[in-house]
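Both complexes shown next keep chain A, but they swap its partner, so chain B is in the first and chain C is in the second.
Take a look at the complex of A and B:
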């Protein structure tokens, strides 16, 4: 147990850990002192001078981010003198700021705007021409740089040197000619470049993907977990549903990192930008597609699928195979096991990753398995007691007639099998496709059951470290879609009949 | 009058080892090695030798804060700050040009005193001739066995930034980074160059050290005033008859110093004196009795600085002076902290507008307020200067400013 240090901040007793600064201890206690350059994960260069506070006994104001917490220290961050000093620092930040808020994408979540309303509200004394610098510089595939809006807090330069260790950005020049810019010959294309839009407290680094899509005050948000790999980074999902004509009609506007022990402050670009097509190819209707094809209700479809499964199993109880995904939540896995293992006693399962579900891994966050919940499947026995078929093996068994039926959950085997996929699907006497998207398999299925995607349901994933994390719904389900576990339960009821 | 550093400046070949030795050079080093480390530090402490690069920090105190090898084993460094860039100061240039061995001797004593094997001389990039002079002097000293292995003195040349003259910015530069001042603590004597204990001393400070060792700290202290020992080099420039470097005991009144330089040029009336280089607030013609040590100018709201006395006669327009200084500071601001980076350039532009006929009385209020908002809220002394210099000029010469920034209607 580290020693704690007690000091007073604006009349409140604050406990600091040994080695902490006044600003760190205040932030941990939920007390806010204005700041730009300090970032919990990027250090305290002390260059923005926004956190100046009065300290009893000190001749001049101190930067709280550089001030070690000492026993008995009396700090005033909200006194008139401190506020004047902070407001003065803000005024100097804004001297050459272009004030182009109406066309700036950061508006609504900008540190300059926020502090101006909190501690500024002074009449402008700036009568000179504003200094100009480069605007709209596409520094990388995801990030746009505006040097005029930059306050040179150096967070971005510290991110690329300390976190991504890719060193694409630097602070060039001196004095008022100083600017953040790309290191000559480099492009800001590290796998975490999107985080720069997050660390930038102003509109200098913005997200090219999100720019001009939605004003941030029209966004709604929910806490979720990224399903992009087995790390399970905490994310905040921002959705745009109030003004459907914004964001090119897409409901999902952007993903932002949410601080958790698992991912710290960051998420990777694969996760952040991997869901642009969230609303494409979606299923919303319960469909029977063999003659006569018709839209069905859930009760009817569960009965029909249950009958088809039972009839097939009378002839060959081992001939029904299930293809499932590591994208199922823990709740889905439990209902899945209950239906297919406990009730139907099936033997053929495939949950091996699709070829494109294996990718790059690094030391920071990214994991090789690009599905979120293989661990949850293992906990339900899949991959441990119950072995997985491989894709070629399953195809062979369909061709040889050993498998007559296939129940596909949130996968696209026809796509994986490529050229022979269509023939394989057509050779089956029962093909059920359950999932949020149609894919190639959905077009050939006998029954299509629309399921919610992760953003439309609550649930939990178990990451590769065994950490269970819950996610909350950010969007409404489309049409008749239901969570996978709900469909499995309904089907189990019908099967038990 | 006692002269220490400039005593033999009339010798034409003083820069050569042979002449320097003939005139008593390197005797201080010999005596220091005989005295022992503790005694040397003790004598320097007693001497009231202050940091003559402008900060005035007691030199002996700085040396004694270096942790011993037992407390912090490993290398430690002594760095000579020869990045003399303050407009109005040119004493280090003259010292290095005329008597490079005096610096090398002082540095060797300092290295011995703090138990360092590695000394560095960081010289301003623009001092090309002086760089060559030091190179030659160092090879002479090495050949004469004055820098015995494993001790070593290396010469480094700056890249041309004013801010590198600040000790922590200088260390950053030496490490190959941007010259952005560090924010102590830790101070360089605890964690300096490459994270090791480092003493950074000005050229003049180190040149004084052999004299202290030879003649004793008490003798040196008595030359000056109560808290500032010894003599001091004043670089006198501006509207005077004989600009140049003059050595006077600490505490000599400004009047005497100006008289030595031949008084105001062309017999014109004196208007103001900038006492210690452009970053020190101005003194008026009525303040010439100020004793020039570290305490005297302080009582008048200004600083001895590095002794860059700039004399301004009645023809000087103080708005132009302010603009000149602020333009320099804006150009040299390192850009690390916002108040200095933005504030200096803002000052420059307001003053520029005043000079081009567009000033109003409100601008004076803005300058006053902005200056106040910068001083004391920045990382280093350059930023403090931005706010202080113009305000001092405005306070002492309000007519000049009112003429350029008149009340206007509409």
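Take a look at the complex of A and C:
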């Protein structure tokens, strides 16, 4: 065990680990000292001077982010002298700041606004004209740069050199002309570029995707897990439902990283921007293809589906195939196994990825499998005892008449099969489509069972390292949609009669 | 912007109100109270003992309505020198509005110096409570309630929703 060092901060006893600075120890203890440039994952250049604190015995204020914790140190971060020093540092940051909060997307979650209200509130002594710089520069596909709002904390430059290692941004010039800019000839286009909007403590780097869609004070949030790949990064989901005319009517506003052991402080752009069409093509109604306008209840349809399955299985018990996705939660997998393996004793399963569900992998976060819960499926026996068919194999078995029925969960086989998909689907005597979206399969299915998507339910994913992480609902289910596990168990009841 | 409607329950009438004769007498009582009080005030003014006369009847609508200098009347959106709306679409008025009757959506402005502008700006005047908070909240003095127009009636609820064009056309 590392040695602990005890010191006092604003009258509270704080324990620091050996080698920690006063600021790090304070953050770990949940005490806040103002700061911009220090970031837990990006180091402490000590250039913003916002964390200046009074230290007993020291003649001048010290920067808490560069001050090693020492036994018996007495630190005051909220004393009048410290506040005056912090307020002076803030005033210096705002000397050339354009004060365009009304049009700035960061307003409401901006470090400058927060500290001004907290420790600033000074009448400005600035009588000179402000220096102007470039505004609204689209530096990359996801990020907009405003040099005037930048406080030169260098977090962004450290991110691109230490984390994404792509080195697109730098700090150029000095003194009054110092500015953040792209390295000549480069664009800010790396797989983690969205994180720059998170690390920038002010409105200098903002998210182009989120820009002007909704003011941050109208957002609601919930803790969730990204389903974009088998890493399962922790995310905070921000939704806009109070005023439906904002955000182009979409309920999901943005995804932000949430610190967990799994992903640290970051998430990748594929995950962050992958859900713009979350609410398109959604299923909300239980439906039968024969009379699509009929108002059906879950009981009726579960019974009908159960009867169709039972009747088909009387003739050919092995001819029903199930297509499942790696997007199912652990709870879904358990109910899935209970229905299809334990109760119905089926043999043909397909849970291999769709061709576009395999992608790039890198050292930092991204994984090859673009589905969140393959491990959860394995724990339920899929991929271990039970083998998966492949897409061509299944198509062949339908063509040869070995498979008469298909139960599809959150997948779109008709799309995967391309041109012959339609004929294959029409050749089946039972096609059930369960899932949050209709897709091409939903248009041909005999029964459509609307399921909630991951943002509308609680559940857990097991990532590739075996970490089980829970996610909480951020949105209400649409229409009659129910979680997948709930549909499986209702169906199991109906099947067992 | 969709029309919003809030149903309000009708006040119920007790026996006392249903026996009309008593209510009629009470109403006449109010009328005569005003008559004599105002007669007394006009008398004082005539005799030079008071500065303000009693109530005066204005022949509205034949004569124009007399509005106080700070009366809050229908909203208008101000323009920049080049004719474009001053509004920066910051949504502060929408945020402060207690009646939630301002609906704004924002978009990128072609002028980089402006950056953000309103794509749509609707006020449902049928919901507005004329508190003036929107005017107070605006950081760029883009919205005012000094059009001095109080005739706001319309034949449908949709006609009570004003869009950015009609709000900008409003003359002073």
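Note that in this section the second predicted complex is superposed on the first by the 493 of 497 C-alpha atoms of A that agree within 3 Å, B and C clash if a C-alpha of one lies under 4 Å from a C-alpha of the other, contacts with A are read in each partner's own complex, and residues count from 1 in each chain.
Heads up, the rule we're going with is that a contact is a pair of C-beta atoms (placed from the backbone, for glycine too) under 8 Å apart; a residue touches a chain by one contact, two chains touch by 3 or more.
Only a predicted model underlies this, so the values are computations on that prediction, with no experimental measurement involved.
Visitor: Now for A:135: first (chain B), second (chain C), both, or neither, which partner does it touch?
Guide: second
Visitor: Report for A:245: first if it touches chain B alone, second if chain C alone, otherwise both or neither.
Guide: It touches chain C, and chain B stays clear.
Visitor: Now for A:49: first (chain B), second (chain C), both, or neither, which partner does it touch?
Guide: First partner only, chain B.
Visitor: According to the stated criteria, A:310 is in contact with first (chain B), second (chain C), both, or neither; which is it?
Guide: neither
Visitor: If we overlay the two complexes on their shared chain A, which of chain B and chain C does A:171 touch? Say first, second, both or neither.
Guide: Touch partner of A:171: chain B, not chain C.
Visitor: Have a look and say if chain B or chain C is in touch with more residues of chain A.
Guide: B
Visitor: Taking the two structures together, which residues of chain A meet both chain B and chain C?
Guide: none
Visitor: Residue numbers of chain A touching chain C in their complex, please.
Guide: 100-103, 107, 135-136, 211-213, 215, 217, 243, 245-246
Visitor: Taking the touch rule as given, give the residues of chain A at its contact with chain B in the complex, in rising order.
Guide: 45-49, 52, 60-61, 63, 66, 85, 88-89, 91-93, 95-96, 125-129, 131, 151-152, 171, 173-178
Visitor: Quick check: in the complex, which residue numbers of chain C touch chain A?
Guide: Residue positions touching the partner: 1, 88-92, 94-95, 103, 105-108, 112-116, 139-140.
Visitor: Okay, in this complex, where on chain B does chain A touch?
Guide: 161, 178, 183, 330-339, 341-346, 349-350, 353, 362-363, 366, 369-370, 372-374, 376-379
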